[in-house]
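There's a structure below that I have some questions on.
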Amino acid sequence: MDMTFGEAELAFQQEVRDFIAANLTPDMKRAESLNASVFSEPEAGVPWQRALNAKGWGAPGWPVEYGGTGWTPAQRWIFETECAHAGVPSPTPMGVKMVGPVIIGFGSPEQKNYFLPRILSCEDYWCQGYSEPGSGSDLSSLKTRAVRDGDEYVINGTKIWTTHAHNANMMFALVRTSDEPRQQDGISFVLIDMKSPGITIRPILTIGGDHEVNQVFFDDVRIPASNLVGEEGKGWTYGKYLLEFERGSGIASAKLRKALHRAAAFAESDATGRAIEDPDIAIRMSEAEVDIDALEMTELRVLSALQNGQNPGAVSSILKLRTSEIYQAVSRLAVDVIGTDGLYVEPTRPLHRLNAPPAIPEDELAVMPTHLNGRAYTIFGGTSEIQRDIISKLVLGL
Amino acid sequence: MDMTFGEAELAFQQEVRDFIAANLTPDMKRAESLNASVFSEPEAGVPWQRALNAKGWGAPGWPVEYGGTGWTPAQRWIFETECAHAGVPSPTPMGVKMVGPVIIGFGSPEQKNYFLPRILSCEDYWCQGYSEPGSGSDLSSLKTRAVRDGDEYVINGTKIWTTHAHNANMMFALVRTSDEPRQQDGISFVLIDMKSPGITIRPILTIGGDHEVNQVFFDDVRIPASNLVGEEGKGWTYGKYLLEFERGSGIASAKLRKALHRAAAFAESDATGRAIEDPDIAIRMSEAEVDIDALEMTELRVLSALQNGQNPGAVSSILKLRTSEIYQAVSRLAVDVIGTDGLYVEPTRPLHRLNAPPAIPEDELAVMPTHLNGRAYTIFGGTSEIQRDIISKLVLGL
Amino acid sequence: MDLTPSDEQRLLRESADRFIHETYTAKLREHNAKEPFGFSEGIWKQFAELGWLALPLPEQHGGIGGGAIEVGILMEAFGRGLVSEPYLSTVVLGAGLVAEHGRDDQKAALLPSVAEGTLRLAFAHAERAARADLARVDTTARQDGDAYVLDGAKVAVLDGAAADQLIVSARLANNGSGSLRLFLVPRDAAGLTLADYPRLGGGRACNLTLQSVRVAAEAMLGGDTDATPAVEAVVDRALAAMSAEAVGMMQTLTDKTLDYTKVRKQFGRPLAANQVIRHRLTDMSVQVDEARSMALRAALKADADAAERGRAASGAKAKIGKGARFVAEQSVQLHGGMGVTDELDVGAYFKRLLAFETLFGGSTHHYRRHAALSGRPV
Amino acid sequence: MDLTPSDEQRLLRESADRFIHETYTAKLREHNAKEPFGFSEGIWKQFAELGWLALPLPEQHGGIGGGAIEVGILMEAFGRGLVSEPYLSTVVLGAGLVAEHGRDDQKAALLPSVAEGTLRLAFAHAERAARADLARVDTTARQDGDAYVLDGAKVAVLDGAAADQLIVSARLANNGSGSLRLFLVPRDAAGLTLADYPRLGGGRACNLTLQSVRVAAEAMLGGDTDATPAVEAVVDRALAAMSAEAVGMMQTLTDKTLDYTKVRKQFGRPLAANQVIRHRLTDMSVQVDEARSMALRAALKADADAAERGRAASGAKAKIGKGARFVAEQSVQLHGGMGVTDELDVGAYFKRLLAFETLFGGSTHHYRRHAALSGRPV
């Protein structure tokens, strides 16, 4: 066992650093450092994704034939770590990481030919239509209905928590195409043009004041039947595939470490009265850093297992739980570091569009909204309570 | 609202202090300070109970006609606080606080006349036969059976966690006298002479190395039918009455404060390298003290409500939960204060019988066993998990 | 010894609860957020009419002579309603400092107007470099003939823009060098700049800079003596008042969460059918109960000697801070997705409780102060 | 970068696990507790035969040249079995100090005997006034001609009575005043008094006093240089080893508790049917997993530069200390009444994990050290 990089790995690390130095603009960097949401605004996320695509790194996780990079797990880890360290934008994953793999796995040749290049190039901006009001973490109870009418489906219902629906021109959605004894069996996976007549978008402001999510209403929205992915009634299976595709590939420690370093920088500044001299702050910094160390080691263990063709096992299901908890601890630490500056509420959104100097140091602006929005980490994508239910089943056989 | 004492209360406080000064012997005091169990050994507890009885304070909670003191809640609080502060022995409650009230409430005139004076004087030393192996916190499933045979009951089965069974000459027990659709309905409350043939006692050493509890086996043990309390099949009701009798009368904050002050004294001594100079220890002392302050205020609010003839409400059911948690935090703090001295294991029991000087300061001897045994606080008398089940029902209506 | 409320206290609680319940709706809060000062002048007038502004002020100066218990009763109701009127800044802190440290002529001039609702005060004390350290003041007051010249910068001044007069703390720069003084500074004084902003959880606050702000010598609050003990006493009482306010918020959040989890269904049954959620709700209600005990304790000890008062106030702030965080975070968590939007009240309570934790220092700061006041080396 | 074990490492794990599983039963532990030194000479001999005593020692002195990873594999198995043989004291600490700081002649004289199982060592360093501060040593060594005279007192010397030689730390009292030295002192040296006692969780320890204990100048370990860096390095490696041992204990406790709660019924259904208990078990297994990661990290960094090594070792000790407490307490809790007796193994693991936490300082101490090594002011 060893944690050091070989020569090829070091060369790749340098290549990544060079790429970032050449492509990360000051505007992107500022937007990212003032981003209080999970994902970047399109004005930062799209150009970054295009730069990656131009380099051939637009979708590292895809099979090489479709544009993937064929990186080893160690390369993926180096890439993610360098990106986090540099503070590159975080484009939404709905295209590359979510609908892309489903189309690759289950789409028709026509769907692959048409959509995959448009995902890589950001010609299409995707959003995800899964959750509904009332369904919460219990997706199988979804009610949005698609009724076959000749060569079309007619969709009625509503989706909620739709990230960046207001930026997207395409949505992939789970809809009910029939009623079956097992609710899951009546669900299909469809692709919806967001400019279709009958779609209305209602913004939902987050607790931190950001416009990131929406409610989307469908009123007799018609889509071509060719926008069904795979078989009718198999949507649940594809949705789960997507989750498994992502599972075990999480590399969150680098981003957490970056967030912690930002908090440490605040703590060392005069703007916070050098909060770091409060031993409670200094020790909590170490607690968080050690938690991140542990998470990183777990990630590396999983990567090593993958690299050796082994199944990392249930360990990977623990990663989401701990990542969200550590994220909240770090954002909370940052809030405690900036003290009463956290009382300041900035109405401008996104924050990087602010022009006049605020009443607190500008680089502190995102701290409180980030913390507030970050409470969602233990809710979306399955609450921590549901994660624990799942882990107790998977890991403990309970 | 005010927290100050009136003149009568101050006079009573002085009377309690005088009584303690006159009756608490150095031996009792040493035994108590080296007591790692919940209750004192008989050699300390019995003489103290007798001194209380001689003063007329043998059973403050009983109705005056049976020997109670008729104290106001404030007087009870003063009494308990002064006793805790002075470090008096803690006799087992099985006589005065447990079987006594049941006999008063449901016993026959003969039982009252015979047993109550013997409880006050410690002529009888009682133990409690409730739990059984396999029944845990679910008492209604108990299996020890008493079969009527003429003027006697014949008892077969086993009881566990029987505190001081090895010291007791009497046991009150819940036994099954019939099988009913509701398990609770077949349970009766009986009094058993511990010298009866067919009783065997198996000591169970605690995790801290103390002999406090036992398993008791009954093999055709015969007791007179007149030792049935109240009606056959009503034992469950009497057992619950006992719990309610005790509920809302807990005054635990004074003992917790005493335990904290002892930990603070260790922390201030050279024997621990002045642990108090570790800011973590100093701050945890304050955390524990504030927790005790909150508990005390809750106790006082309950007492004030009782004093004004009001029902304190569900608040009192929270007291056990918090008391056990704070107890464990304080005992844990003491363990951290004495550092590596906690590694020392003293085999002598009870500790106050130790004659030779140990390898660590003698007054630290009880710290680790107290902590170890104290893990039982969140288990016995209904685990904290069950307490939370109960509170969620009572307080929240869930 | 008796901790049951008196009849007057019960009546006060009932009228405060009724007022908040009937008047202080989400709609009013929305309205208030758009007001220039972040609250409603009309409500403030009603507070005056109800006698609430006069409540804790001395009787000889137009007050009612109530104590910390009575203030706590009001503040708990204010917490339930997320009231944004400047009660803490004007009555508890501002008038509190005048009553505690002011000269008789200042009390006579200022307190009746506060009681009537015609004068608002704010306390400009905290500074960026000080964090929660009350004793750290770098703003200076230089005596210049019959005047003092103030220079420095203050942060997190609650409701500063709404105040007619700011009570500014400063250290003497020449005579009596280093000793702390308080000065009454009109909000529109020359050299005073306010950066006013909406405050997390409701109301407004400002940062301010003082550049050669000139005030008359009589503007010094009280005689020429160190103001530190007065500041500590009044802040301790503010901590007690804020603690009661936090109890109101925690109780309301717990009630709301209880209601929600009983109704909201997932996987075919109410959320509250989950044992984990029932226990969570239990722990929340235990925290509320402990918070209630500590807020009461801080109020009962508000006039005790400095160490006992400080231990009770810091103990309450520290313990309630921890409990508030738990209750607020779990309320959001158990409300699921809706909890992290601005569409439910839950988020507003969450933010106001965060503001509570931050103001005058967090839990660790106050545990440390408690330890220091208990003679422990920290 | 590859964190999968090598074939050799896998084999070592299998043989250690098998040995512990087959040999190290509760009955053996009971037997060992009655042995004069708290362990079994026979088992110790087997350790030698299996090559485990030689495992981390240098090849030129009869060792196998393994590293911290290999020691961790053994220690994890030892944790599972609650092994009380003096591996930590003799091999990791004692031989570790000789290998790190000894002169070549001392290595040649001592290490082969350790590898063969014929020499046992112990490290007498901690003192009452020092608490967890490794640098605080009040024991003195006064040079007197060709000898040193040692005076002082040591506490918590692991397996001191079983050791043939004690490595005693002391500060020079005359020449080179204040500098730290280590001395090899035979257990039966004149002036050395041992107060031997059974140790919480198994094995034995002693406190010792040194009254004018005279040793030859050659008994000084290494050359006449400060021993502090060597002590820190070896203690960091001991922390890594103990961390792996704790992982073994935590895993075993979690497994046992899982089994128990699946079988034990209450109110007609298994304890594990309670959601609260399922989530508790989940959190326990998460703690075990994080502990495993940190123990591995401490081992991987055992030969890194002092700051990185220290941060990894202290990080592991701190985090695993917290996790161990949680796992141990919850294991007892979920075993109910039987958990708080000496009739189940659970209590023994609980006590051994408490001992783990206490030795070389608790979690707060190590978070503070981590912060200091990260350049934060603490």
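Each chain gets a letter, A, B, C and D, in the order it is written, and its residues are counted from 1.
Just so we're on the same page, a contact is a pair of C-beta atoms (placed from the backbone, for glycine too) under 8 Å apart; a residue touches a chain by one contact, two chains touch by 3 or more.
What you see is a predicted model; the values in this text were computed from it and never measured.
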- Would you identify the chain whose Cα-based centre sits farthest away from the centre of subunit B? A
- Note on the structure: Taking each chain's mean CA coordinate, subunit C and subunit D are separated, in whole Å, by 52
- Whole-Å separation of chain centres (CA-atom averages), subunit A against subunit C: 39
- Message: Averaging over Cα atoms per chain, report the distance between subunit B and subunit C in Å.
- Response: 43
- Note on the structure: Flagged in subunit A as touching 2+ other chains are 279, 385, 388
- Task: Provide the list of subunit C residues touching at least two other chains, using ranges where the numbers run on.
- Result: 274-276, 279, 364, 368
- Task: Sort the chain contact graph into one of these: line, ring, star, complete or other.
- Result: other
- Item | Touch list for subunit D against partner subunit C, complex | 274-276, 279
- In their shared complex, subunit D is touched by residues of subunit A numbered 1-6, 9, 74, 77, 276-277, 279, 282-283, 285-287, 289-291, 293-295, 297-298, 300-301, 303-305, 307-308, 310, 315, 318, 321-322, 385, 388-389, 391-392, 395-396, 398
- Which bits of subunit B are touching subunit D when the two form their complex? 131, 134, 136-138, 141, 160-161, 204-207, 209, 213, 270-275, 278, 280, 335-336, 339-347, 358-360, 368, 372-373, 375-376, 378-380, 383-385, 388
- Can you list the subunit C residues touching subunit A in their complex? 126, 128-132, 155-156, 195, 197-200, 205-207, 264, 266-267, 274, 276-277, 329, 332-333, 336-337, 339-343, 347, 350-351, 354-355, 358-359, 362, 364-365, 368
- The subunit C residues in contact with subunit B across the complex are 1-6, 9, 69, 258, 262, 272, 275, 278-279, 281-283, 285-286, 289-290, 293-294, 296-297, 300-301, 312, 315, 318-319, 364, 367-368, 370-371, 374, 376-378
